[in-house]
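In the two complexes below, chain A is the common chain; its partner is chain B in one and chain C in the other.
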Partner chain A sequence: MNKNRFFSILVPFISVLLAFLVGCIIMAALGANPATALGALWKGAFGNTRNVGTTLSRATPLIFTSLCACFAYRCGVFNLGGEGQFLIGSVVCCYIATQSGIVGLPAIILCILCGGIAGGFWAAIPGLLKIYRGQNEMIISIMLNYVATLFMGVIYTNWLREGSVPQTMSVPDESKLSRLFGLRCTSAFVIAVVIGILVYYFLFYTSMGFQLRAVGLNMTASQFNGFAVKRYILFSFIISGVIAGVGGSAELLGTQFRLINGFGAGYGFDGVAMALIAQLHPLAAILVAIFFAALRVGSTTMQAATGVPTSVSEIIQALVIVFTVAGLAMVKLPEFKAALERIFSAGKEA
Partner chain B sequence: MSQLFTLSFFTAFLAAAVRLAVPLIYAGLGETIAEKAGVINIGMEGVMLDGAFFSFAGAWYSGSLAVGLLCGIAGGVLMSVLHGVICIVLAQDQTVSGLAINMFALGLTSFLFKLMSQGQSYQQVETFETYAIPGLSKIPLIGAAFFEKDILCYLLYILLILFTIFYKRTDLGLSHIAVGEAPHAAESAGIPVHLFQWTALLVNGVLGGIGGAYLVLVQLGVFTENMISGRGYIALAAVILGRHMPLGMFAAALLFGLANALQIRLQTIGVSVSPYLLAILPYAMTLLAMLGAAGRSSRPESLGKPYVRGSR
Partner chain C sequence: MEEILRMEHITKRFGEFYANRDINLSVLKGEVHTLLGENGAGKSTLMNILFGLYQPSGGQIFLHGKPVAIDSPATAVKLGIGMVHQHFMLVEAMTVFENIILGDRNTKGIFIDRNARRKEILELSERYNLDVELDKPITEIAVGAQQRVEILKALYRGAELLVLDEPTAALTDIEVEGLFRIMKKLVGEGKSIIFISHKMREVMQISDRITILRAGETVRTVERGETTGEELAGLMIGRELAPSHYAKVTKPGAAVVSLHDVDYQKKSKHNGLNGVTLEVGRGEILGIAGVDGNGQSQLAQLVTGVIAPEGGSVDMKGSRVATFSPNGFILENVSHIPEDRNKMGLIGNMSVMENILLKETGDPRFSDAGGWHLKRKAMRTYAEQMQQKYDIRCTSVAQESRNLSGGNQQKVILARELENHPDLLVAVHPTRGLDIGATRFVHDTMISARDAGCGVLLISADFDEILEMSDRIIVIFEGKIMGEYPGSNPPIDQISLAMAGK
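After this line comes the complex of A and B, so read on.
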């Protein structure tokens, strides 16, 4: 295996270990036995099939948003608006599911399609502003996150509000996504994995995917080679938004069933973080999302069993991100590479 | 509607706008300085959050506002130094580093705050007092809004003027701009690029930290998890709208403050529109302003590109 590839896999693993090490020190400082706490964490996330189902169901929206981030970054643009696209998708999905009167499979297909289109539309805004006005796509997409969150607020407090509680009416039972093996996780998880595989295939086994990655690696060189750089940027934004929008719809139809305050909050930036740890590899992004979901689901059990607060799990998650970013930075340093060469050549001589 | 158009209404409205804008202007000024040196800090949100938390913790444990402020500054600097290590020393992608800093700051502050609040609830900490400047504060309309403030706000006015002079009138300011525009040319002219970038990032941390601390020590007196809630990003937008100049950024942040004050005002007088819809107003206005921001981009030429000495 080539050396760079080896390190790009090794670094996240070491980062995870280091993050857990710090986590254990904190646990010990809080007066808990780290081994017991980690055992409870594991049990909570993967202890039995029910818990596995819960973990996968928590991972599903994260997979969508991290694929959304991966896709745009592969083309060299930063889509930080995954959250807004996710929410707009779920808002449109909610409107169709509750207002159109269509139920069952046709409703599911229609809802997910329209949710995806809405997400794509929302992502096209920063894409267009980027290529035609040269504006910073990150700032625009973040602003649109706030607009989407507040717009969802209008939906669940006014337009589709049900009763005295600020929430929308529920998706009809016939239009809900079916559960897998009676567990918490639904066919939304299957959709997420399928999209992940499709993205992987597109990026690495089609010529369009190759060109898109080429644009991401070196925009100037791609331009000289006659690639339609602007078109690729817009395309990657829209597809990335579609993925997030489908994710929002699937989350609504599979897990939440209604829009309510806090729906989807934080998923956008979580997705960005996971895409970075997975180093923009779609299949790795799926695994990273499951790993983070496990930390979140398991931490509740850990808190109940050992009294270690769930925020320790949040710290571990944050440290994984920081260590990975710093670690990947370090192995790319010329000094590090030179040192590595010395070690390798010394090994050969001995 | 008659209560909309009185002098006292406009005075209160403007005062609210300035109050909402000050933390943004602090952060925006810090960001302007970093970006002028070619380092973009998307992690401004994290810098502010760190500033807010550590200022609260400092003020709470010491009982002194000055200590709180210093702790807030230290918190902000901690984050910007981390950013500097990743993107100046290690020459890595500045966007990725900034995002990591935001996440790290959110995790760190939420965690430490939970540790702090185990088994007790917090009262507000004391906040900085306001001093009306004699004479100036009596100017109708703008007097109460701009000149009946706290000491940190006055410091901000001085900093804005100083930095404008710095960029427009001093050799050092020109060197600083050269670092962001053409680092290789600057280096060959004998300007220590990395030194300038580090200084800019430290100032970025100090000002971002004060921006976060301002929310706690002047406005709210309490810390809550994720309390910056996007102000760091809005400050970044203000920098772009202000065309990377301190006074332009000041105007852009004030505009955002005005839009926000307007929507809050409309809510309180009971306009029959959903408060959520009204709350979109400041963001929509920022977006429209960015859409309309025509002409040559003011972006420093080498913004976001890591500078490695001796590379081409």
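After this line comes the complex of A and C, so read on.
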């Protein structure tokens, strides 16, 4: 295997180890036995099928948003609006699920479709502004996150408020996504994984996906070689938004059932970080999302069993991101490459 | 007159390549000394050594007769050397005044004594007729004024010897006149100027002495009064006609592409085209000669559909082109070896295989179901065939193309562009930076494409390449066609004069 490639795959694993190492030091400093604490963390996340279900359920929205980020980045544009697209998808989904009167499977299909379309529409705004007006897509997509969050606020405080509580009414039971094997995790997880596989197939096994990646890696050369660069940019934005929008709908129909303050908060940027750790590989993004969900779910058990606060798990999560980003930058440094050359050539001589 | 600068036996080597070899240069106090030479003759390298940006591999620099070591631009400034780069080094958002005092250590405590500085600058500007508006931001003043700011900046830092690197490149004719008045004033006051240019008219107008560089070596230093533009052009190009390796075609086939009176950003001397009419026939190589930056890039982008003309028309195989897009031209079977292979030709982070097949993945040979399933195996087999055929040296076709040498990168592009028998090949500086072996390979491949009936438009700043390859030669200068010459027994004197704008 290519040496550079090997190291960029190695970096996330080393980063995880280092992050846990630092986490263990903190645990020890707090007076807990790191081994017991980590054991509790593991048990909480994967200890029994019920916990596995919870972990996968927590991972599901993260998978959607990280796939959303992956797809746009592969085409060289930075869609930081995954959160807004996720929320707009869930808002539209909520409206249809509670107001249309349709229930059951037709409602589920309709809701997810419309949620995806809404997400795609929300992502098309920065896309169009970028290709026709040269506006910075990052800023516009971030700003649209706030618009979407506040719009959702109008929905649950006014239009679809249930009684005096600032939350919407619940999705009818018939329209909820079915649980897998009676666990907390629903068919939303299956949808997420299927979309991940589809994205992978599209990017690496179709002519269009190939051209999209080419645009992402070198726009000028792609233009000189006759690719419709602008069309690819808009396309990647829209598809990326669709993925987030479907994610929002699936989260609503599978886990939350109603819109409420804080729904989906933070998923957008979590997705961006996870996509970067996965180095924009859609299948790796699924694994990274599950890993982060496990840290989050397991930390509650850890806190209950050993008294190590859940924030230690948050520190570990943050450190994984920091170490990976730094590590990936490091392996690209010419000094690092030169040092590697020396080590490898010395090894050969000996 | 007193000698201010002497550079003796300056040599600068990059690996095996000599950018400067045993160069001697002597500049007197109060003279305009021109460095004349083609692109790549070593002018910039020499000046970068003088300004401390490069360290010479050999040789010695003397200032006022004393040997000096110039290890950084800061040292150069301290020694009284000022440089005005071709691309100005100004902070655009700051005012003229702020730009001039930028980095000045002459402060009162931690504050800048603005009034004193201002007085000093105004004195300088009056003395040398360097008319600038001190309180305007750089963005709001014209290019000529920005240049005056650069000169003023250098003088403010105490420059006795000014290096002006192609200072007229971005100026209008009137601004050039103004610059020359300032230069005369400066040398009248005892400053010395090294003027870099390859425009014969200007060189003959302003210089006191002229040193001609060619291929990294000094050819000769001459007094302006003792030479002519013709002689200078001859010395600069400096070559006898070497017989070409290739047989020349005298009767090309029907026109593949023809341009009629094409304009593109007509007013720009360096990035525009002005009334260009030309035709490339099947089975011939039309060489476009000219010093870099006279509209060649625009010409290449126009005949590959990247930009659209603002006036005139383009006919492709007899029918008028209505819309200009790279894809449209590719469908017309136009191939392109772009001027910057890394930026425009290759996707550096993709493999050799992916780059060879860049435009072909939708083809039924390489994918099923209309592009929805790539045939990885067929792609790999094809790429390996191309690797053999075009002698691409790589560890495997899965290697990233950015890790290949320049010659092998160019072969990847050749494999992609020539394998489908194009009707027109547009090749821009196809051998720039390549070694002799790779150059020969590229040339042979282009000749066999020509012999197979492809029309070739060869744009190159390498005059040898133009002479070697072209069946016809057209010279371009400031976006205009200066003349057309036969490829067999070309009149070198006339061509070199045309390249210098005469």
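Rule of thumb we're sticking to: the second predicted complex is superposed on the first by the 350 of 350 C-alpha atoms of A that agree within 3 Å, B and C clash if a C-alpha of one lies under 4 Å from a C-alpha of the other, contacts with A are read in each partner's own complex, and residues count from 1 in each chain.
The working rule: a residue touches a chain if its C-beta (ideal position, glycine included) is under 8 Å from a C-beta of that chain, and two chains touch if they have at least 3 such contacts.
Predicted, not measured: the structure shown is a model, and the values here were computed from it.
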item	value
Superposition on chain A - do chain B and chain C clash or fit	clash
Touched partner set for A:N158, first chain B, second chain C, both or neither	first
Contacts of A:I14 with chain B and chain C, given as first, second, both or neither	neither
Partner chain(s) touched by A:I321 [first = chain B, second = chain C, both, neither]	first
Touching partner for A:I109 - first (chain B), second (chain C), both, neither	neither
Chain B versus chain C as contact partner of A:L150, first or second or both or neither	first
Dominant contact partner of chain A by residue count, chain C or chain B	B
First (chain B), second (chain C), both or neither touched by A:M208	second
Contacts of A:L217 with chain B and chain C, given as first, second, both or neither	second
Interface residues of chain A shared between complexes with chain B and chain C	none
Chain A - residues contacting chain C, complex	2, 205-208, 210-211, 213-214, 217-218, 220-228
Contact footprint of chain B on chain A as seen in their complex	78, 80, 129, 133-136, 138-140, 142-144, 146-147, 150-151, 153-154, 157-158, 269, 272-273, 276, 309, 311-312, 314-315, 317-319, 321-322, 325-326, 328-330, 332-333
Chain A partner contacts - residues on chain B that touch it in the complex	42, 82, 85-86, 90-92, 95-97, 99-104, 106-108, 110-111, 114, 118, 230, 233, 236-237, 240, 274, 276-277, 279-280, 283-284, 286-287, 290-291, 293, 297
Residues of chain C defined as touching chain A within the complex	304, 306, 325-327, 329-330, 336, 338, 343-350, 354, 358-359, 361-362, 366-367, 371-374, 376, 398-400
